[in-house]
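In what comes next, chain A is part of two complexes: it sits with chain B in the first one and with chain C in the second one.
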Partner chain A sequence: MRMLFGDQSLLSRFISVIKVALAVITILFPSQAVSYQLAISNERSDEVLLHDAEGRVLRQLLSCKRPRGMLVEPVNQDLWVACSDEDAIVRIDPESGEVKQRIAGFSGATNLALLGSEQLIVSNEGAASVSLVDTTTNVIVSQLPTGNEPDGIVYSADHKRIFVASENAGVVHVFSSEDFHQEALLLTNLRPRRMAINKDELWVSSEMGSRVEIFNAASLQKMDRIIFSPRGFRSEQLTPVDLIFSSDGLTAYVALGAANHVAIVDVVTREVEKYILVGSRAWGLELSPDGTRLYVLNGLSDDMTIIDLESRRPIASERTGLVPHAVEVVNR
Partner chain B sequence: MPKSYYAFRAIIDREFARFIQQRTRLLSALVRPLFWLLVFAAGFKSTLGIAIQAPYATYTPYDVYIIPGLIGMVCLFNGMQSSLAMAYDREAGSMKVLMTAPISRRQLLVFKLLAAASVSTIQAYLMLLIALLFGVDIPLNGLLVALPIIFIVAYALALIGLLLASTVTGMENFSGVMNFVIFPALFLSSSLYPLWQLEESSELLYWISLSNPFTHLVESIRFALYLQFQPWVLGGILSGAVLLSYLAPVVYKPNA
Partner chain C sequence: MRSLVLFALLAASPAAQAIELNVGTVRLKGAVEQPTTFAGIVVEPDRRVDRAVRLAIQESTIKFQSFGIEEKLYDLELDPDQPLSAQLAQIDQTHLLLLDLPKTQMVEVGRIIDRQGAVGVNVSLADQSLRDELCLPGIYHSMPSERMYFDALSQYLVHSGWRKVLLVHGSSDQDLRRKTLLAESIKRFGASVSDEREFTLSHHPDDRDRNQPEFLTGGSSYDVVAVVDSAKDYGRRIEYSTRRPRPVVGDVGLVPRAWHYALERYGAPQLNQRYRTLDPANSEPQTAMTDAEFAAWAAVKFVVNSMRADFVDKDGLKLRALFENEDSRVDLYKGTRGSYRSWNHQMRHPILLTSADYVVDVAPMPKFLHPTHYVDTLGADKPESSCQLGK
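== the complex of A and B ==
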């Protein structure tokens, strides 16, 4: 060092200059760290765990039998959890884990969606129906028949229609969200699981059809399909389940189940741009609030792969509980 | 300029002239690992990606996994080939001419090894460049960080080759040793498959592979590519290289 800087005072001056430069850089380019956490329901270990944004387990939020679908209430940020083997749904504070509300009477509650600010719609896997529940009175106000094993629930962009996928029946039921009458029945490929709405398009994943089918959410006509075929996999391994759109609606991410990959799809061209290797049986998906990360739950390897969406590379896989099912961003 | 500098320049120039002129040698040095990468890895692409092991933070495709092993393969083959050249030099008598240079035998051998390691490193980076062109996901910052490690590994492998060349007399015997050294070193290591997979098949093979120095050379490259270091392994490689460099002139007899 003496050879480089001559004497100690010059070295300390150099260090001071570096410190000042770093301080200027910090002021000019403040770090835009987004603060949020993740809640993950784990079917086999009967728990909902809280993770930090890097995927590390922080603590257990809830213990209930076979927790599966979850949603975050937009107003109070509380977390609703479908506890399938307790035939109940539970509302908890996602920070403390305090149970604030519990409503029973759902046969194998699988997934849930918000209907306005005071009603929830819950798919009952064991009863081939969805239940409408008033969260202010804890009363199930209506039961709508669906096909066997109803799973995913979504709304049209104008909130006038409710779509419910019945995986065992191979159909999507279309209900009016005003009077809840059945408007139509969409025939899909084998085992429709999850759906996502992008403007006027309804995307439905077909678990046994190795594809996503695209319907017009207004006319209910089938518009297109995307068949997945990453190299080295047989079609029966391609079992898409969860799907999610980027906030600009231009990119779709599809978890390919037993193919252990996530597909990145260009929404406009319908082309698969990239397949990203993740863990075993990729199902649940969630985007970070700033849209730069995709969280992928791997049901059979009991972990979660974090994908950096700018480089489109997996950056880490972190342990979860046993058989992780759904992931939601909480405490943002 | 010291005399040793001119001797070093002469040896380096000779090694590079040989490297450039022997185009088939360069071609075969690249074709061998690329064959593994583009053909073998394509067949095994979906077999890996089922477990995470250090230094990887997530699931790894097979073509990414074997990159450090292929770098090791390039260095291993070139190290052995340089040794073969030294055996040839010894038989042809050109080594005796080199020995007339005004430097010690130890310096001469170390310069030969440095030249061989430089050629190995260049070959390894040419292979990496082609792999990148074929879309293999290699961390670019790791390529820079791994450079000194790849050079040290190349030096160590050339040194092992030199010691082999010292103990074997006659070209025919040496080519036999190459077969008995290169293939076991390659296949009984973590270069082409992770050791946990070998352990599932045979615990004996696992322990043999774990005690294979080539495994640790490859792993040091693997860790460096992902900006991680195993100080004990690296220290072992460096101290082994220094010790063997010291012993090399004792065992290498240019007129054997």
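== the complex of A and C ==
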């Protein structure tokens, strides 16, 4: 590849062309779905497993202690995994499982996000900070102090701000992504966990507050909140964690934790359109590349529910490792 | 609108007058910290709650700062031989008192500080009468009640199909009172007491045979042995020595607790880790908050978790309004949020069912969930309680 294209920008341009071509093919031949696989981190069985798109286990990709957050690098499609109990993050080939890079020195690495093409930001659950790490030199460039138990990390749509949720302090830290100074603090309900950005909206799940809070990502004003009420569950049992938007930004999917349901939310009206029963303690969410399927990880029943989003019904439940945490689409 | 106010506070906090919050830990002068049984053997640590309070304050810094709250920690050692009201004269509505006191003083201090507008939290006594007959308007209880512990245990027995219970208990007043509560709880959830056996702590030769665990647990049919031994002395001899090969629960064996070092879920490992590293001199891997320490931690965290602009104005912090507000709540690191029951000021808790090194289950059990607050099947529910403080 190097010889053919000489530099990175040409390579990424080539990849974009391929992606566009693939998208065109998908539109022209809708039955020819893009093939992909799923990587799932399992906290309690210390492994990342590779599954096919139907949820069946193919093989073990990585063995490391308490793997949790993961992300796919857009350029080379490699998979980064936070190995919490090794205080390290590793980059693997999501097909062969080959470990290509390993960076240590994080205290209980929980989640991670990409900052440009050469920097990662990692939340250190054990140290009340996030680390900025240069992936070309493996050096931790700086540490930003946060409240205890930092978890989710997201960027504003213009990439000018970094949002970090501190579960224990009940706040979201707002950092400038230029000089990393703290611009503001958002006070949230109990135990903010994960966040998702949809244009100018920042959605924050509050696990112990049983709600999702919506902030304006520019003005930082609180705009709205979504309260859930699936039948047969008391408010205290609703412990939302992961949330994800459809690619058109019109629908949000929220995993309701101990309430064993996923909520489908209309982004415009803020109405919950449907609650779908899944396995026990639903946390991790991922959409298929074509947006027709939602994968839901059930941390206490050690399985994954696959939801068909056209009929909005669960179509299969497949076993995972022990205490599945995060799921990412790989090898597409 | 609320967030607007918060931003104004954030912006103004360095210049604005600091809002006072005084957190006092109250105990008796000369209180014994570590009761031992024999030859210096400590069965159950009974530490001061200070370390847990410091932890809760450390966890609260960011939020207190954003509200302009300046917290002060202090210790108050009361002399039981001097009038208590004089010793509490300076306590006003800016004080949150964590009461680690015997029952008599707990009740008296509660009455005094209630008149002075402060809030007191019982962080050490599970005694049921404090929640029921005594019904103290000035005191909240972040320590679970005896009924909550026993209800959790009884639910677990029924859940496990261990319905015939041999009840073994001591002869002290406290043991007899707690034995009655446990028997009521066992019946309430559909199990039954097959027989009751009393042991004594006497060393009289005539009692020796009677106190043999094999003898004490013989001649009856049962699925499980429940032990009530408040002194945590004799009860330890029963496990592995019962006449029939049956599990032992209660004050020994499977013990209901508010907190445990081996809780793996709900963020508990992080909380345990922070507690250990706060005091490096006492940071053994199995060191964890006692139930009283956890109650003290939860009492402070309730304030910070419930803090909002409505409770802060130019006159300072409205601590009592915060406690009385029905939306106030605390993240207990046990899978749900805690709040105070309006009728008897008892904090709602899930209760852990623990062995020495494992959290076997967390009550309430699935078949015993209350229709409104699911943990309200643990302890006296509103219609059953003789205490009706709320509206």
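Couple of notes before you dig in:
Simple rule for what comes next: the second predicted complex is superposed on the first by the 302 of 332 C-alpha atoms of A that agree within 3 Å, B and C clash if a C-alpha of one lies under 4 Å from a C-alpha of the other, contacts with A are read in each partner's own complex, and residues count from 1 in each chain.
Here is the rule we use: contacts are C-beta pairs under 8 Å (C-beta built on N, C-alpha and C of every residue); 3 or more make two chains touch, one makes a residue touch a chain.
Note that this is a predicted model, so its numbers are computed, not measured.
Look at chain A after the overlay: chain B and chain C fit there side by side.
Touch criterion met: A:E167 reaches chain C, while chain B stays clear of it. When the shared chain is aligned, chain C comes close enough to touch A:R191, but chain B does not. Touched residues of chain A were counted for both chain B and chain C, and C has more of them. In the superposition on chain A, A:L58 makes contact with neither chain B nor chain C. By the document's definition of touching, of the two partners only chain C reaches A:Q221; chain B does not. In the superposed model, A:V141 lies in contact with neither chain B nor chain C. In the superposition on chain A, A:A104 makes contact with neither chain B nor chain C.
Of the two partner chains placed around the shared chain by superposition, neither chain B nor chain C is touched by A:L322.
With chain A used as the common frame, chain B approaches chain C to a shortest CA-CA distance of 8 Å. Residues 108, 125-126, 147-149, 166-171, 184-187, 190-191, 208-210, 220-222, 234, 236-237, 239, 258 of chain A are the ones touching chain C in the complex. Across the interface of their complex, chain A is touched by residues 42, 45-46, 49-50, 52, 57-61, 137 of chain B. By the touch rule above, chain A contacts chain B in their complex via residues 231-233, 260, 277-280, 301, 303, 305-306, 313-317.
Residues 2-4, 6-7, 10, 59, 62-63, 66, 267, 270-271, 273-274, 304-305, 308, 329-331, 335-337, 369-375 of chain C are the ones that touch chain A when the two sit in their complex.
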